[in-house]
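For clarity, chains are labelled A, B, C and D in written order, and residue numbers in each chain start from 1.
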Amino acid sequence: MSPDKPASGDKALSLYVPEPEFRPGDTPDFSDAPIPKAGAAPRPEIDVEASDIRDLAYTIIRVMNRDGKAVGPWAGLLSDDQIKVGLEDMLRVRAFDARMLMAQRQGKTSFYMQALGEEAIACAFQKTLQPGDMNFPTYRQQGLLLSTDYPVVDMMNQIYSNAADPLMGRQLPIMYSSKENGFFTISGNLATQFIQGVGWAMASAIKGDTKIAASWIGDGSTAESDFHSALVFASTYRAPVVLNIVNNQWAISTFQGIARGKAATFASRGLGFGIPALRVDGNDYLAVYAVSKWAVDRARAGHGPTLIEHVTYRVGGHSTSDDPSAYRPKEESDAWPLGDPVERLKNHLIAKGVWTQAQHVQARERIEIEIAEAQKLAEKNGTLHDGPHSTPASMFDDVYKEMPLHLRRQRQEAGI
Amino acid sequence: MSPDKPASGDKALSLYVPEPEFRPGDTPDFSDAPIPKAGAAPRPEIDVEASDIRDLAYTIIRVMNRDGKAVGPWAGLLSDDQIKVGLEDMLRVRAFDARMLMAQRQGKTSFYMQALGEEAIACAFQKTLQPGDMNFPTYRQQGLLLSTDYPVVDMMNQIYSNAADPLMGRQLPIMYSSKENGFFTISGNLATQFIQGVGWAMASAIKGDTKIAASWIGDGSTAESDFHSALVFASTYRAPVVLNIVNNQWAISTFQGIARGKAATFASRGLGFGIPALRVDGNDYLAVYAVSKWAVDRARAGHGPTLIEHVTYRVGGHSTSDDPSAYRPKEESDAWPLGDPVERLKNHLIAKGVWTQAQHVQARERIEIEIAEAQKLAEKNGTLHDGPHSTPASMFDDVYKEMPLHLRRQRQEAGI
Amino acid sequence: MARMTMIQAIRSAMENTMERDDNVVVFGEDVGFFGGVFRCTQGLQEKFGPQRCFDSPINESGIIGAAVGMATYGMRPCVEIQFADYVYPGYDQIASEASRIRYRSNNDFTVPMVVRMPTGGGIFGGQTHSQSPEALFAHISGIKTVIPSNPYDAKGLLIAAIEDDDPVMFLEPKRLYNGPFDGHHERPVTPWSKHELGEVSDEHYTVPLGKAAIRREGAEVTILAYGTMVYVAEAATQETGIDAEIIDLRTILPLDLETIEASVAKTGRCVIVHEATKTCGFGAELMAVVMEACFYHLQAPVIRVTGYDTPYPHAHEWEYFPGPKRVGDALKKVMEAA
Amino acid sequence: MARMTMIQAIRSAMENTMERDDNVVVFGEDVGFFGGVFRCTQGLQEKFGPQRCFDSPINESGIIGAAVGMATYGMRPCVEIQFADYVYPGYDQIASEASRIRYRSNNDFTVPMVVRMPTGGGIFGGQTHSQSPEALFAHISGIKTVIPSNPYDAKGLLIAAIEDDDPVMFLEPKRLYNGPFDGHHERPVTPWSKHELGEVSDEHYTVPLGKAAIRREGAEVTILAYGTMVYVAEAATQETGIDAEIIDLRTILPLDLETIEASVAKTGRCVIVHEATKTCGFGAELMAVVMEACFYHLQAPVIRVTGYDTPYPHAHEWEYFPGPKRVGDALKKVMEAA
């Protein structure tokens, strides 16, 4: 069919399959990774057009420099006290994770997922919201709840599926729900919440409300179709929503190259929809706060959606069912150049002269005790395998608002 | 939760719902539409990186200028004879459409869809392919088949669901299939073929073959999730595929703003995946050919996928079930500045001095007679409502390679 | 009171609920300015503005996913999927999300959402404009599935669905939009204006979800049907002279078990009719219900008359479609048995 | 010959077919370097290279859509969906595409593709790691659906599925991966190495699609089961002392109608067991099949023992799971009846 080129001269094609740079046994080395200097990225007005800030989708917005100083146009938004609260929030997430990981190992529940190394993202983001706003989180945003006043013990009750579980033992551990605290019921199905958040935001706009939504997704899950649905709807209707991608570089055993083909950035996907896209150092609490606040303000002012890619690293296993040493070098998280979010924020406060190592140790211990006490309380309500649980008959409740006849019959037959 | 901003000061949100510029009764005026000059866009090497040619996703690559001259770096690829063949291909599509539209109006079949105004795209693209390559078309790429040697009468037999229908009357009219001619079986479900084409191309690469695939989609259908799946897979595995978007500005009654939110371009969606993206004047046969050839060569040379946005205008109704005067001004297609692809190519040949108006009329009449004769032949094989059709029993065939017992029983019960 | 087509009745239901409750919004492909490819939403954008009735991108998962989000905010979205055949890309949002949000969140979030979709065949729409996917909804716990057979019910059921606090799949037999169709495609179509169930009030009223209607009382055999098949059943009953009791299920989930059980207990015979493919279609569940509750009353095996287990063919529409002849044969067979 | 777990048997099937036919490729989420979250593809990338076994993006529609494209090229993709609960985003590519391409193109294009997916409960996986969606496949014409219950069958059926020229959904009861599980969760698990059906050849062999296996001959009642429920049925039979004939369907579509019909004709009683939710589950179709073919042989109403019509709950797994007690009660009831 081609008028000028014979098929015979063509060379054989071959499939390119992206591979991560390092596998177990390799020595990870990120010295080539382009890490822009803190303070270098400009801070645009919130009503900017996406096309005017394309570069922000390809850089990494950073605030804290190596010396722990906050620099550049994104710095200076939080008071010392607010920053200390942020540090404590992250410590709380870390202590909570450690305890619950252990509880799962001890057989007190079936499953757990930690956010180790990513704590800054959810904790800082939550502080940019107002009461009534709604997060549509994934399973790795416990920091959103843990930096509100949601009772830690209720989170544990849920994890234990015990008699006080607010979700009646119906959900897998960590699949919390709290409308009150702006935390949408977590789904086990990836990405579905990303478009739901957009829909919720559209509803707020239709009703002339002032509330905004925040959708959350992982790097691997951006490949899911509902990521696309969300961008299409958010851009079309300029929904008041912040679209957060947590790029922790891994999706179970699969590195980020499988979701983005080693080219472009996740953030840059927003540009094809005219959605402003910003890439931020996810291990820099101050940068996450500043960028998130920008996007939240933008949404609330009626300028529409923002896509944020939070660049971080998943330090722990994917879940308690996973052992990452099978597919990546153990040393990789240490080698990763953006460091630990808790250490970095601590150093910032110390550099500022408003915090000491001793205060830090004290705070950590206090929080660990808090968490341990909550755990004791929760375990009084039972654990997964030893019970007690909600009554078995409650299994039939709330499938519908009113129980239809066929379910009433089934419950009767079950004799429970 | 926000430390510094009270909810009370916020102004009410409101939902933005994009509207087309012109509705019935308005006088369409495109004098503001940015139409770049023919010949202005550069022609990069085929192994270029997407990030080096971002601008090509935001412009319109054009070859024929107002005087019908072919200008710029994308010009000069086709001989006069090849261009004449292209013109005749387009005339064939137009004559075919006119006849079949009429046949549907006369009650000889249930449904028809024309490609009026978009003929250049499929016709020019097909000429860049080699035997064995595979198109994954939508329902509006009849030009792909009509510019090969696929029998016109078989297309009509399919449209009539008659006794000679190669698809046994199983498919809605115009849902052709021809592996032999590189035309994948059309689906009624939008966008599914876009990722299938990527999979086919991946298979070719895995097998070390030299064949490439071309996927097709409409502007409205880029909103579908399988558009996203296709971009993710194509970019990850650098599949040898050309991803074609036919932006004819309408999706049934819905203008393109609903799929792209009045921002960015469809082409620019490729950039977020590191896929080179080119926007081309879809009514300019020479430009479509040149850009398509570039992308096909790129794929075949192993440099991976390209996204092409063909900018055109759907002059006719969406299908025979649609009357566009209900939702857009009748004059809109005339006002649209990129003109008619047949007229433009004709003028180019005349400007070159290798074609005359008389030759053109002659060619058109010859082709119309060809089509009319094919129609007569096809009608000898029957029409939808009068028959004859394939035997009713064949309805049960080919659901599986071998008919399972339950279907054998059903066929028996049917007594046909 | 006025005579309405099913299209007008459906539109009237949306209009009434939109008037009463500004949480009701309508969107979907081509439903805004144009009013929908079947014109069910015509005039709604004009009356309520583009924020209450608008065109959506062509993305069924997006339509349903956005509606789920809106519903959890507190609105009552009523969205249109252009053809039931195109609901599959949105199936995950139905089966994994809408259906389970109340349960998994222990009532913290709920999804009062309606997904309308034209369904069924008989219009020469070929494989992808003719499907009847109701069984795929009935298998999912947490959603309701409604299939009206006439303008009066369509309006009352749709209002009930929009006002219901759980997600409802609302399947509209497109072959009935303009008149009852009994499968006699060779005869002229009767318009709804000639049918008593075309008599529809402009006012707000509901027909309760989960209640079947007995369209014809009869003593010899029970016909379980819904949508277009109700009229096919009527034709077959008339043509065979068999005294069938015709039950129009209207809601297939929750199913009106009591009405079904009482009827089959009375007649001792049963024929089940639907357009969808046979294997694992909703007829299988009806078989099971009858087996479980009425076994000792049965005088003959229950018979299913359904679409065949093939894709919906274009040219052979009338051989495929379960028409009055096939239903009549089943009635005769079930009467002859035992 | 060797003793294999079901995981090893499944891996062996892929290895054998990949060796014999370089058109066989394997991909899915985490199946490449890591070898799959259940390790079913472990070692395949190392042996056959990353072009034959590779990780995919997390997009089930993409996985299945790409596989459809590859199959129409002429390859035989065997893809993994990480859990059956996650197949819904890819449902459109199954129900609208894979299933109909042969038919709609009149054999011009075909889709020899296998979609593997771990299915079923019993592992405290909660709502989204426990589902049994087989009925949603059985309702779709043009695809086959297979559910093995032991390593020997798993290997033979998977090879048959990969070599089959039509699309096959291959549901792997994950609770059986490491040993037969009879629902007695309070007892220690027996490994496959202690079970004769754990005896699996390294060589290529097939178990034909569409043929059921009679796991236990019996005279009093027929139990229709598949997957994990086969062992629950065995336990219930043993515990009640009722002489049941246990049929392991293995393939639910095409269904081995003849074996079912012969057995129920013989026993005159039938109990159907599956994990999936009841309404419109595959048990409904089995009910219908028995009703249609064996009505005059039946001495008692057929009983379904299934998952309840709720999402799969986490804490109440064992109340939800259809265990030997519930199946035993059904056996007793069906024996007492009439």
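Basically, a residue touches a chain if its C-beta (ideal position, glycine included) is under 8 Å from a C-beta of that chain, and two chains touch if they have at least 3 such contacts.
All values reported here derive from a predicted model rather than from experimental measurement.
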Looking at Cα centroids only, farthest away from chain D lies chain B
When centres are defined as mean Cα positions, the distance from chain B to chain C in whole Å is 35
Rounded to the nearest Å, the gap separating the Cα centres of chain A and chain C is 41
Centroid spacing, where centroids are CA-atom means, of chain C and chain D in whole angstrom: 31
Identify all positions of chain C at which a residue touches two or more other chains, and write them in rising order. 51, 56-57, 59, 61-62, 85, 88-89, 92, 96, 103-104, 127-128, 141-142, 253, 255, 279, 309-311
Residues touching two or more other chains, restricted to chain B: which are they? 14-15, 17, 168, 170-171, 175, 187-189, 202, 204-206, 223, 225-226, 228-229, 232, 236, 258-259, 399, 406
Which label fits the chain touch graph of this model best, line, ring, star, complete or other? complete
In their complex, what parts of chain B are in touch with chain C? 14-15, 17, 19, 23, 110-111, 161, 165, 168-173, 175, 187-190, 220-221, 223-226, 251-254, 258-259, 321-322, 326-327, 384, 389-390, 392, 395-396, 399, 406-407, 410-411, 414, 416
For chain C, which residues are in contact with chain B within the complex? 29-30, 32-34, 37, 50-51, 54-62, 85-86, 88-89, 124-129, 278-279, 308-311, 313-316, 319-320
Which positions of chain D touch chain B when the two form their complex? 22-23, 25, 51-52, 56-57, 59, 61-62, 65-70, 72-75, 77, 89, 92-93, 96-97, 101-110, 141-142, 144, 164-166, 210, 253-255, 257-258
Chain A - residues contacting chain B, complex: 1-3, 5, 7, 10-18, 49-51, 78-79, 82, 126-133, 148, 182, 202, 204-206, 208-212, 223, 225-229, 232, 235-240, 257-265, 268-275, 297, 300-302, 304
Chain D to chain C touching residues, read off their complex: 61, 85, 88-89, 91-92, 95-96, 99-100, 103-104, 127-128, 135-136, 138-142, 253, 255, 276-277, 279-285, 287-288, 290-292, 295-296, 298, 300-304, 309-311, 338
